[in-house]
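Next come the structures, one after another.
The two complexes that follow have subunit A in common; it is paired with subunit B in the first and with subunit C in the second.
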Partner chain A sequence: MKNAPLLKIEDLRTYFYSRSKQAFIRSVDGVNLEIRRGETLGVVGESGSGKSITALSVLGLISGGPGVIAGKILFGSNGEQKDLLDGLEGYVKIGREQNRIMQVSKDVLGWERRSDEVMRTIRGGEIAMIFQNPKASLNPFTPVGKQITEAIRLHTKITDAQEAAERAIYWLKRVKIDSPALRFDNYPFGLSGGMCQRAMIAMALACEPALLIADEPTTGLDATIQSKIVDLLAELKSELGTTTMLISHDISVISRLSDSVVVMYGGTVVEYGPVRDILTASISSKHPYTSALLASIPGEEHVRDKVALQAIEGDVLDTINIPAGCRFYARCNRVTPKIRENCERREPDLREIAPGHRARCWLYFD
Partner chain B sequence: MRLSGLRPIALVLTREVMITVLLLLGVSFVVFVILYLAPGDPFSMLVEGQVQSEEARAGAREALGFSQSWYSQYFSWVTQMLQGDFGTSIRTGLPVASELVFVGFNTLILTIGSMLVTLLIAVPIALYSSVRGTTALSWPLTMFAYVVSALPVFWLGYIVIYIFMHRFGLFPLMTSSSRGFSWLYALLPIVVLGVGNGTISEVIRSLRDEMGRVMSEDYIRTARAKGASVWKHSFKEGFLIPVTEIIAAKIPFILGGAVIVEQVFNWPGMGRMAWQAAQDRDFPVIMGIAMLAAVFVRMGSMFQRVVYVMVNPRASKE
Partner chain C sequence: MPKTILEVIDLKKHFFHRKGLFSAFSGEERRIPAVDGVSFYLKENETVGLVGESGCGKTTIGRTVLRLAAPTSGRILFDDKDITTATTEQLRKLRGQMQMIFQDLDAALNPKMRIRDILREAITVHHKVSDEEVSRRIGELLEQVNLKKGKLSNFPHELSGGEKRRVGIARVLSVGPRLIVADEPTSALDVSIQAQVVNLLRDLQSQLGLSYLFISHDLRVVELISHKVAVMYLGKIVEMGLSGRIAHAPKHPYTHILWSSLVEKQSKESSSATRNTQSGIWGVFDFERPYSGCRFAPRCPVYESQGRPTVCTDPASEPQLRDIGDGHQVACHFPL
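Let's turn to the complex of A and B:
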């Protein structure tokens, strides 16, 4: 049990039914990943690749519209493994007519009640989450300190208001907010974006969660503030060693903070492995999408020699009409005549190409 | 609430009171000019046939100051009003001020009561449909609300009187001579005005949309992510603020409906008094009621401002 991963996602599918198109938008389409205790897993990919939806699915925060979630999200804590999607299947009914989905009905309230029941001790307690756009993520009508003490009193043994306030101030200090006792009474509108994100981090960590999900924690902040938030996260990582799932489209953030990396494309994992193998551009055995992603980052030579950046051709995958073959085929520049047929017809598995390094590409199938 | 929190409220109240004073002056001027320009005066309407000679009428007009220029009449009215003297009713000879207190109280009961009835119907439907979305139940509920909103209040009033008073005798009939207040008399007009003031569907729609908008805010997602109560976090922006705004915005509609309901139920309030006074061209009474109605409307908006400032930390910085 000790070696079991803290979080193991098996074949996660999160679909949203589009009534007008009578089809599912397959935002997350068969994601498998694991987060070991103490590690930071980086999740990269373009907008719309399903990163955030995967994270929101873990916390059961998929709301609005008839969203359908299937697969397993196994979360191991306190010595037992729990499937966070347990018992949710019964609340969705799919009406089909000759392979075509005609109707999806979801008992939203029943679904939410069941999800709330399963997630009761987990949301905010065992899994905490920080979001992008921190100013909008804090309640504008409540002082920052009160929002932190609320979390503390909900999920820790501390119930006394005075004690919780002291604890909140301790955490505000810990995330390097100056004069924390004064900031405690401030409303979010009186704080800068960077300070709001620090307060969000304090609120998330104050309950000492087993898993921290950081969904684009630096997006929407000024560049200088971004690097300060990354510094803070790095420092907290070395001090606390909290297991973290870090979602970002910023490769530099991911490479600085992560131990392992998952690359997502079109709702699925295309590559998974240690951060060194995946995000070092000079190691060429990797998924063509990852290579293209790395080539699109401005490096020193682009600035020095005014070399044009290499954008990835084509558009992000349309997750309603997913092709039969490889999802990246239409945009791929490494298709060889030998594998072309496979690329077009069949989706490859996620196969190990080096120890601990897996990729979903026909190039590595012999 | 800490003492420092009271300062913005005091500021807002001061500002609102100043606006109210200016507004009252404006309203009184407009109403006065309209009355002055309208054909007829109390003596052509009321005293017809009672005062025989043209000389006697002229004497009465003279005694009441009607021969002065319109602006000197207006200024003497304003100076008296500022001292709390609204003059005497030409029809009854009673002082308008004490009359206003009496009818104002009755209409206040009717207005607050009907507002509560409206909210009691609209709020649960709005919350239900914002939380659960479109369901098998939300559709008929909304339909019901639209139909009810379309019922004309006078028609509803007569139907209710027929059924509950004449047919079953469940409620006593109100007579114009009854001066005392009784909740039993009040119940029927309050419910009729609350249901029939025509605002229910609008209240449902605005509250449902507002609550739905707040529910999709990022900070509500944060509340869910930390396992806190979504209702608690959405209460201020999604419920308290829109409800007070609705109350402030709908008071004029309810006062308008009160004129009809007070006629139908013989309810001794300012609506019925206004109706009577308009027919009699009873200038002092009309002016007094115009002032009182304006005060009621301003009270609603003051209430809304105070709640907003108390709830929204940013408002006190504005």
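Let's turn to the complex of A and C:
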């Protein structure tokens, strides 16, 4: 039990239905990942690859049909392991054609009621989230301090208003907001983007969650502020040791803060392993998508030699029309004649290519 | 020797903002000096990058240069002609030669128009052309920006971010401009798509001989695409020079901090050297905060380490851009 991962996601599927296209948007299509206690797991991928939807599925915050339709989310805290999607099968009927889900009927209301029951004790208290857009995620009509106090009283043992307020100030100080007692009474519009982000972090951490999900914590902030927020997260990580799932499309942020990395593409995990194996540009045994992603970052050599950036041709996978073969096939530049047929027809599985390092690519299988 | 296509001399753009209902009578106004005396020039087939934090006046410069906003004072020369006071009629003609790529992808494209109509409108606004000519031109534009023909009958919301950006670029190209102000063309895009757009802009420059004023807060992209870079702080240019020099040998403490924050974000162990340079009073800047002398002094690590010299905060001696060789200019009393 000690060594069991804190969170284990098995074959999670979250779909939405597009009425105009009369088809499913397969936002998350079979995600497997696990987060060990005390570890920071980085999740990278282009927009639309299903990063945020995975996080929202874990928290049971998906609205819109059909939503989460299959999978297991095992969350182990307080000595027991609980499946957050326990009983989901009872609400969903899945029709498959050629091994692909083509029909889903789900009792969305029934499931939401059931999910809320399970999640009430977990959301906020056990799993907290830092949302993508801090300004939009804070209530504009309530002072930030009051919002943090409210979270503390709801999710921790502290119920006394005075005590909770003191606690909130302590956390505002902890995330390095200057003059926290004054900022306590500020409304979100009176704070800068960076400060709102700090307040969000304070709110998430104030409940001392077992798992923190940080969704794009630095996006939309200025470069100087970004580095400050990253510094803060690194510092909090070393002091508190909170298990974190860090979602970002900024590879530099992920490589600085994470222990392991998951690379997502088109709703699936294409590569998974320790950060040094995956995000070090020099190591070649990687999924072609990961290498292409790393190559498209402007680096020293592009500037020095005035060479063109290596863009990944084409666009992010349209998760409505998922191809039969590898999802990255259309944009891949490492298809060899030997594996072409496989790439085109069959989707590879996520298999171990080195100890602790898994990839979903035919290059590595025979 | 390439010709100078755009020259800006001591450009100022101040915004006014009334305080309360009765200020119209009392004359009490708040002045926001978004651009406060900026001079630079842009040569043909060249790119000048403008960097700085959000709110420092980058976009305002771009808009004022194209006369989308009227300058408060200063002069703008386009092709050696003063366009500071050009009339609407004259401007309409000029817009055929200077265009802007807008920052917000979604706000820039009319959501109720199909891509074909968006491009057609741009073409027919400046030239009277036949329908066949329009379709031929649209085909050409699509090829230039590498967009599929099938997308023409789509609406903007059906396109991905990268595709919308391409439509924006195609629309700008449709009038055959020589100067393009590109306002954050790559923010809001993923790195892989960002690389496509950066490559596209560079290819277009070499094919069509365009000049860019490239506005971005992404230092790496700016360094990559620009020949010269101007770093802005609170409405002023604090450092300007060849992009390699700005990136690798910055002289102004602010530029140094901008770069080190980029590097620091990446490295696991932030070196103590960069940490020390950041130990100034690290608030966000604000036009309404009073300052005297150097605008950057309240946040400046050099000001701290020099023991707060009075010359930095003396209102009479605000640092001016001065040449320190090789066209590198810096506005600082104590350049690094």
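One rule holds for everything that comes next: the second predicted complex is superposed on the first by the 341 of 366 C-alpha atoms of A that agree within 3 Å, B and C clash if a C-alpha of one lies under 4 Å from a C-alpha of the other, contacts with A are read in each partner's own complex, and residues count from 1 in each chain.
Assume a contact is a pair of C-beta atoms (placed from the backbone, for glycine too) under 8 Å apart; a residue touches a chain by one contact, two chains touch by 3 or more.
Bear in mind that the values here come from a model prediction, so they are computed numbers and not experimental data.
S.K.: Mind working out whether A:Ser227 is in touch with subunit B, subunit C, both or neither, as first, second, both or neither?
M.R.: Touch partner of A:Ser227: subunit C, not subunit B.
S.K.: Could you say whether A:His287 touches subunit B, subunit C, both of them, or neither, answering first, second, both or neither?
M.R.: So A:His287 meets neither subunit B nor subunit C here.
S.K.: Scan A:Met129 for contacts with subunit B and subunit C and give back first, second, both or neither.
M.R.: It touches subunit B, and subunit C stays clear.
S.K.: Between subunit B (first) and subunit C (second), which, if any, makes contact with A:Arg183: first, second, both or neither?
M.R.: After superposing on A, A:Arg183 lies clear of both subunit B and subunit C.
S.K.: Please work out whether A:Arg327 is in contact with subunit B alone, subunit C alone, both, or neither, and reply first, second, both or neither.
M.R.: Touch partners of A:Arg327: none, neither subunit B nor subunit C.
S.K.: Look at A:Ser296 in the shared chain and tell me whether it touches subunit B only, subunit C only, both, or neither; answer first, second, both or neither.
M.R.: A:Ser296: touches subunit C, not subunit B.
S.K.: Which residues of subunit A touch subunit B in the complex?
M.R.: It comes out as residues 59, 61, 63-64, 108-109, 119-125, 128-129, 131, 133, 136-143, 150-151, 154-155, 187, 189, 200, 203-204, 207.
S.K.: State the interface residues of subunit C toward subunit A in the complex, per the touch definition above.
M.R.: 53-54, 160-163, 190-196, 198-199, 202, 217-221, 223-224, 243-244, 247, 257-258, 261-262, 264-268, 270, 282-284
S.K.: Spell out the part of subunit A that touches subunit C in their complex, as residue ranges.
M.R.: Against subunit C, subunit A makes touches at 46-48, 178, 192, 194, 222-228, 230-231, 249, 251-253, 255-256, 292-293, 296-299, 302-303, 308-313, 315-316.
S.K.: Considering the complex alone, what residue numbers of subunit B touch subunit A?
M.R.: 132-133, 216-219, 221-228, 233, 236-237, 311-314
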